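Both of the next two complexes hold subunit A, though its partner changes from subunit B to subunit C.
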Partner chain A sequence: MEKTLKKEKLNSLITGLKDKGYKTIAPKKDNNLITLCEIQEADEIHFDHVQTNNSIKEYFLPKTEKILSYTIEKTKVSIEEPEGFAVKSVVFGSRPCDAASLPIMDKVFNWDCTDKFWIERREAITIVTIACDKCDSYCFCTSVCLAPDAKQGSDVLLTKISDDEYLVETETEKGEGLIKELETVFSEPPSGTPDRQVATVEKKFEIDKVKPWLDENFVHKIWAEFSTKCIGCGACTFVCPTCHCFDIVDECTMSKGDRVKNWDGCQFKMFTLHTSGHNPRSTQDQRWRQRIMHKFKYYVEKFDNILCVGCGRCSRVCPADMNISEMLEIISTDEGQPEPVSKE
Partner chain B sequence: MIEALRKKAEELLKNKTVDVVYGYGEGSVPERTRPVFITKPEDVNKLTWNKYCVYNLTTYLKKQESRKLGKPAIVVKGCDAKTITVLIKESQIKREDIYIIGVTCTGIGDPPATKCKACDVNTPLIYDELIGEKIGNKEFSFEERYAELDEYEKLSEQEKWDFWQKQFEKCIKCYACSSICPLCFCDRCIVDKNQPQWIDPSAHPRGNLSWNVTRAYHLAGRCINCEECQRVCPADIPLNLLNKKLAKETEKNFKYRSGYNVDDELAMATYKEDDNQDFIK
Partner chain C sequence: MDNIYTPYLMNISDVTDEAPGVRTFRLNFQNEDEGKNFKFQAGQFALYSAFGYGESTFCIASSPTRKDYVECTFRQAGRVTNALSELNAGDTIGFRGPYGNVFPIEEWEGKNLVFVAGGIALPPLRSVIWNCLDLRDKYKNITIVYGAKTVADLVYKNELKEWTARDDVNLVTTVDPGGETPDWTGKVGFVPTVVEETAPDSKDTIAIVCGPPIMIKFTLPVLEKLGFKQDKVYTTLENRMKCGLGKCGRCNIGCTYICKEGPVFTAEEISKMPDEF
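Now for the complex of A and B:
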């Protein structure tokens, strides 16, 4: 279904969503950050940015969440499961790369164990994406088979067609349902071919060259050379829409407690530390290699998807200016030089 | 200045005075630089110096990956150089194990970093070689040094509490603030200890408060105000306000400023019978 949305109708859209019982999550300026967060009014929404600082993932995989509570009595353990975690919501104005991360991660959360927290939230949340009309030098969606107007993962895609008008395209039944629910807000589709204002994102590397290189170069001096500056802070994994590692801990007293699921990341030294004291990834170059390998080799082998949408957040946030697309450029153009240090 | 820097680095590497030079190189974008580790004299052209050289490179002294490269020469600004003084005092490094390339500096960042406003170390206080024209270091009054706290200190206790609650709520518990800090060098941080679990690992209000307060307290009387923690915080939490407040209290109560003099006794690691205690309530 195609429609148009006039900017002046944004107010009615956001009020309409509220009336229909949706919580609205949208980009909002908060001091130096642009954050995807809950909003109440249309004028809170921030439009003129490349990318939000936080990714969409926290609405599906929160930074911390209780997965059960328990009470221990003499001979009995009672368990209480959380309810009401999936709230009917609309994410309005996330970017196509963020939306595209969702179907990629669906695969892992529906794999050997179906993660009800992820799945129920996926059902409860509708994604209304705005195609990018600008980008920066960190963006590389076009190098990972996506685009600034990619449709993957969006229920509705909005594309700017004039200063005060968006083209509205529904991509799923859920999206179509949403538009029908708020029909009066939208106008008829434009006559003729609309002038879609979409950014031009330069292609930085040939993705086809990446995995074959990774298949051969688990041991290579580039890993250490590139990552000496990495401080292992893990910020890259936390802002990444496709990084999904978590840690489960009990926060408890002797008789009762909560089991909590928290973000974790492969860049931390503690991530792979065994109780014996042995650490299979004891140095940062091994941890950096893991990040690249997981995204561009292991996940591809297991789920037939690259685990990266090219949003560039990891590189923007990195306190040591580690740039992931630069690494991939090196990999994809490497003709066997520099030589591996030694083969294991 | 860049030429002098490169020349010095080349000489140090050629003479094998050091094995590696930790310096600044060009970054992803013109408004950024990045840490570089130069091990070959022919690579010294990768070194640069400009107003985007924000990093406090002394943090790489605590990292096994950079230490593996051998004896380092480190490019430091005046503020960064204070770290070295603390690291020597705290027995983390020996003076003779590093070569210090001090650069004179009149301000960093765009807009300039807060720390540069009342900088009294434009010329580093400790170095083996100075790059750049020597600048007479300014002196500031106690009030001027802590001016950035003026607004904050006007708040009532309740308002301060509310302010921090709101700030800490944003924390995502990445611990980047501690990873980047050259003085957060414990091999096992208190957050990594889970028997017992001193600090809740969850990024909920209790976990975030206990982490942020603990981090700041462990740096009290030690932090040299490089502002690196605040720079790297992906949640934009004004960590420097906390650090600065603790530095102010330390100076007020112990007449001690971290990183200024290698002969000063450490504020938190020295016991004196006549220590000021009336602020402990």
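Now for the complex of A and C:
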């Protein structure tokens, strides 16, 4: 279904969503950061940015979430299941790269058994994406088979066609349902071919060359060379829309407790540390290699998808100025013979 | 929809001190129906929780042929295992599992078996050892080589006596040099050396090895020298795990997730994995 949305109708849209019982999450400027967060009014929505600092991930895999509660009474324990965690919501104005991360991550959260915390939120949340009309030097969606107007994962895709108007395209039944629910807000599609204002994102590397290189070069000096400056802060993993690794810990008072799932990251030494003190990934270059391998080799072999959407956040936030697309550019143009280093 | 992270609630029905800091729990399902429907096979693992402290991963140490209970043996080492060791018979613990793949014991029928274990790595093999002993007619000679640092560190001391007394099991125990006591009648020496001296002919024989990385590293070449083909040598791996279900992203070695595709592997499969153990 095609429609248009005039900017002047935004107020009616956000109010309409509220009336229909949706919580709205949208980009908002807060302390100079553009953050995807819950909004109440259309005025709060920020449009003129490349990317939000946080990704869409936290609305499906929260930074911390209760996976069960329990009460301990002498020798007995009773368990209570969390409820109400999947709230009917609309994410409005996330980028196509963020939306594309969702169907990719569905695969791991559905692998053999289903993580209901992820899946029930996926069912409850509708994604209304705005195609990018600008980008920066960190963006590389076009290098990972996506585009500034990619449709994957979006229920509805908005594309700017003039300063005050968006083209509205529904991509799923859920998206179509949403537009129908708020029909009066939208106008009929324009006649003729609309002028889609979509950014041009430069292609930085040939993705087809990355996996074959990784297949051959688990041992290579580049891992240590490139990761020398990594301080292991893990910021890249937290801002990444596709990094989904988590920890499970108990938080408890004397008799009541919660078991919670927290974001974790492969860049931390503790991540793989055995109780014995042995650590299979004891050095930062091994942990950096794990991040690249997981995204561009392991996930591809398991689920037939690259675990990266080219949003560029990891490189934007890196305090040591490490840039993943630079690394991938080096890999994809490396014609030389592998130069293995022996492992001590 | 079911919550895959919800554990079964189990009663600790028996506690056995095996060695300094090493303890075995016998567990029974609090919900009888859950107990009746519960099935596992030798080689699988589970996550055991001390409520208030968290979950810890160990193999199931009892045999699937003993259907009334599940046992686990653990060493007090970290936050959760210390909390577990504070629990007594009658207390409740959480149990999530069984997870992972299994030892293909049906494929081993009609063959000789040699089990090689070091230290706290006997528990993962105990499940499959008892499973095969409970189906004794299906296997030919069964040899168990078990070593620990000291005599005190040997686990399942009563079962070691039982296996010594049986004439259908050849048990060889050893302790590291300096770990023997005056009345020690077993061998003194490291496991790889003892395997070289005592292992049966590799013809028609399956080797199952579990132990600390250093023991595995030196035992595999010995088995190869004795003529064991890599696909006839099995081991079980462990890595830090949180979910046990292939989601939390940390137990992989290369493309292989220990929790889903393991923990049981052949030496041949391990030789193809990248060096990240």
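The working rule: the second predicted complex is superposed on the first by the 336 of 344 C-alpha atoms of A that agree within 3 Å, B and C clash if a C-alpha of one lies under 4 Å from a C-alpha of the other, contacts with A are read in each partner's own complex, and residues count from 1 in each chain.
Note that in this section a contact is a pair of C-beta atoms (placed from the backbone, for glycine too) under 8 Å apart; a residue touches a chain by one contact, two chains touch by 3 or more.
Everything numeric here is computed off the predicted structure, so don't read it as measured data.
Student: Go through the superposed model and pick first if A:Asp247 touches only subunit B, second if only subunit C, both, or neither.
Tutor: both
Student: Have a look at where A:Cys145 lands relative to subunit B and subunit C in the superposition and call it first, second, both or neither.
Tutor: Neither partner.
Student: What is the contact status of A:Gln284 with respect to subunit B (first) and subunit C (second): first, second, both, or neither?
Tutor: Only subunit B; A:Gln284 stays clear of subunit C.
Student: Which holds for A:Thr75: it touches subunit B only (first), subunit C only (second), both, or neither?
Tutor: second
Student: Look at A:Thr228 in the shared chain and tell me whether it touches subunit B only, subunit C only, both, or neither; answer first, second, both or neither.
Tutor: After superposition on chain A, A:Thr228 lies in contact with subunit B alone.
Student: Tell me which partner A:Ile330 touches in the superposition: subunit B (first), subunit C (second), both or neither.
Tutor: So A:Ile330 meets neither subunit B nor subunit C here.
Student: Common interface residues of subunit A with subunit B and subunit C?
Tutor: Common to the two interfaces on subunit A: residues 247, 249.
Student: Once bound in the complex, which stretches of subunit B touch subunit A?
Tutor: It is residues 27-29, 32-37, 55, 59-60, 63-66, 69, 172-176, 179-180, 192, 194, 197, 200-204, 207, 228, 231-232, 234-236 of subunit B that touch subunit A.
Student: Along subunit C, where are the residues that touch subunit A in the complex?
Tutor: 1-7, 9, 49, 51-55, 77-78, 81, 90-92, 94, 212-213, 238-240, 242-243, 245-250, 252-255, 260, 274-277
Student: Taking the complex as given, what residues does subunit A use to touch subunit C?
Tutor: Checking each residue of subunit A against subunit C gives 67-68, 70, 72, 75-77, 79, 81, 108-109, 111-116, 119-120, 218-219, 244-250, 252, 257, 259, 261, 264, 266, 271-276, 278, 280-281, 286, 293-294, 297-298, 301-302, 343.
Student: With touch defined as at the start, can you tell me which subunit A residues reach subunit B in the complex?
Tutor: 30-33, 53, 63-64, 137-138, 224, 227-235, 238-239, 247, 249, 251, 260, 262-263, 265, 268, 270, 283-285, 315, 317, 319-323, 326
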